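Here subunit A shows up in two complexes: once beside subunit B, once beside subunit C.
Let's look at the complex of A and B:
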């Protein structure tokens, strides 16, 4: 019994993916999407992410930068500070430190502009830069995805598919591979003028299939992974066209877990985005 | 005699204002496709402001239009405007150069009022 509890805890401490949302402008907060900021753009984000999984809670503050290299290629960097606390049977433990930075390159390979709307598709690749810090890893985590969407004056849609792969640590432990399918719908109830407060509401549906991870020694962690379905309401508010406040909650609505696991809880993202250069 | 001189000066001023091409305002009306939110329009505004000889810009989201006004007496290369829109991530659907006489007419009206 003791052994299964310890396996379960090991599983918990390695399942969290990088939390950076990397959302840009009117992109939904929990998924990957296609927007590119344009050549010479420079955006600064300050993001807070909270996620609960069983007895483990992770909070992360991140500074994120978006740089527009060309009209269609952007680089995003994230520098997170993470705090992980665990209400384990042996008592509450917590650790906090600067975590692994991430770099994401996005290429919008197709777009079609029409009056008041834009259709586009993009490819993105992301990697963490392992620091080996207390809340980081010693091996990288890769994320790749394809996204497509429509942005309009009145409404939006986004769809994507993402795949996350974490390289096993030297001891053989690793989080399980993740495949995500996401869709989002957004609506702007009232179109405002350029300098007026603009409000957009989104709702995302996120499906996650997570394969079992690996335990120390490389054995399969049968108490990890599963199928998850989330719904994520969000609001994006820009008081003017240079600053945007974003907030969203990811609510698990169905979970089919492998083995003996605690259910996932809510995830929350709050973000502020500043637009600078061009 | 004094009265006639004043009349002659006003008439001369009016003729100069009406024919004075240096005061005409040159503006460029750009049809911009893909413009879907005020936040995205900021990039377009900043890009267009960097174009040489641009005095001011106004963007109408509903019409998908950017109106660029040139500095007095100057013109703007249309190719530069097209490039700026493209770099900001949008497409140009139309570009029209409009020579406006708004300033001249204004001044003429003011001059006319001065006579009465």
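Let's look at the complex of A and C:
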């Protein structure tokens, strides 16, 4: 019985891979922000995400697209392939499959342009499209958020708040709701010329409050949820204005966990983004 | 089976990255092929606000490329200036078109300075600037600087390079407010 509960708990985390970051241009990697690519833009991203949570390791490769519908409205789609392995006492188990795609619509509802800088705010709504695959879910996960920030020639700041809600599976189980508060500061050490390599460094602070999830039958899972604080250093390198390489590590610095749980480990994101247009 | 899936995914990823790399002209700011032989001597210096990085402003370059009238593109970020060098022989872009490019790319248009080579001509009570390269004829708005140029330098009928503020004009790409005019001496190459 104990083994089956533990297997189920592992299953709960396995079928709930993280929502893709959809980082566009000079946006921090682990949060939501306000940038919009403009009307007619088409961006292609290839993103790799690695995360460790107790004995479980998840790796995800995602192809992402960003389409600029209007100056301020963008649609983003992500098609992930996930691989999840668990180093359990009974041995190493792993599974991999195409996971749930997700779609995000972002609306930059306010912006103010000044010489060499832009202030803006945006609203975003994101949903997964459940596939029921080995690493996916049978019900959707929704995420909504508000973000504000400043982009400049020398420095950036971003703040956001996000709320993630997962619809319960048919058996009543569901991961807990998540509320995120994020802030990031970015600096460009040297302003280069067009076609010269541009480098921007970011540091993010992410606070997560996760409510307890639900067990099969709908009972509260007291061994889930908690409060988490992360710090995430990142680097964004663009050799020219059509390609950007990004990398970041999310490091947990404080964790207050409900009940008996494994601590979260590092999360790593590596991404390449290409800009096109139509 | 699992290995095949992983290999297929990695192969797909590699194809996506290679395709994207090949489709992306990684180096060089000329936005047409053989730009050196196609660049006109005419250019626009477009002031826009909100330009904070080259990557974010790629949309602008894309619009200019799509217009088929621009040969080269550069940005002077600290001054908030986009420099667009026109294509030889192509009719010039209008102020309203440029303003819409800036807006759609996500920025705020401020002004345009046009650096053009042509002749200042007087027709009836009007002053016209005829661009040598394209034959476009633009109305010149009278101001004290123009009066002074006409009087002191006798620019009428000569080929000159002007620096002018471009303003909206109904039924024409733009009207010009000339700030400066110098006799034009073509340079080799």
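Keep this in mind: the second predicted complex is superposed on the first by the 263 of 278 C-alpha atoms of A that agree within 3 Å, B and C clash if a C-alpha of one lies under 4 Å from a C-alpha of the other, contacts with A are read in each partner's own complex, and residues count from 1 in each chain.
One rule holds in what follows: a residue touches a chain if its C-beta (ideal position, glycine included) is under 8 Å from a C-beta of that chain, and two chains touch if they have at least 3 such contacts.
Everything numeric in this text was worked out from a predicted model, so none of it was measured.
S.K.: Is this a clash or a fit when subunit B and subunit C both end up on subunit A?
M.R.: They clash.
S.K.: Using the superposition described at the top, determine whether subunit B or subunit C touches more residues of subunit A.
M.R.: So, of the two partners, C touches more residues of subunit A.
S.K.: Is A:81 touching anything from subunit B or subunit C once the two structures are fitted on A? First, second, both or neither.
M.R.: second
S.K.: Just to be sure I read the superposition right, which of the two partners does A:113 touch: subunit B = first, subunit C = second, or both, or neither?
M.R.: Touch status of A:113: both partners.
S.K.: Touch test for A:157: subunit B only (first), subunit C only (second), both, or neither?
M.R.: Neither partner.
S.K.: Looking at A:185, would you say it contacts subunit B, subunit C, both, or neither? Reply first, second, both or neither.
M.R.: neither
S.K.: Check whether A:37 is in contact with subunit B, with subunit C, with both or with neither, and answer first, second, both or neither.
M.R.: A:37: touches subunit B and subunit C.
S.K.: Which partner chains sit in contact with A:65 here, subunit B, subunit C, both or neither? Use first/second/both/neither.
M.R.: Neither subunit B nor subunit C is touched by A:65.
S.K.: From the superposed pair, tell me which subunit A residues show up as contacts to subunit B and also as contacts to subunit C.
M.R.: 25-26, 36-41, 71-72, 111, 113-118, 151-153, 188, 191, 194-195, 198, 200, 238, 241-242, 244, 275, 277
S.K.: Subunit C touches which residues of subunit A in the complex?
M.R.: Within the complex, subunit A touches subunit C at residues 25-26, 35-41, 44, 46, 61, 63, 68, 70-72, 81, 83, 94, 96-97, 111, 113-118, 151-153, 188, 191, 194-195, 198, 200, 238-244, 272, 274-277.
S.K.: Inside the complex, what are the residues of subunit C that reach subunit A?
M.R.: On the subunit C side, the touching residues are 2, 5-6, 9, 12-13, 16-17, 20-21, 23-29, 48-59, 61-63, 66, 73-75, 77-78, 80, 103-108.
S.K.: Please name which positions on subunit B make contact with subunit A in the complex.
M.R.: Listed in rising order, the residues of subunit B that touch subunit A are 31, 33-43, 45-47, 50, 59, 61-62, 64, 86-91, 93.
S.K.: Inside the complex, what are the residues of subunit A that reach subunit B?
M.R.: By the definition above, subunit A touches subunit B via 25-26, 36-41, 71-72, 111, 113-118, 151-153, 188, 191-196, 198, 200, 238, 241-242, 244, 275, 277-278.
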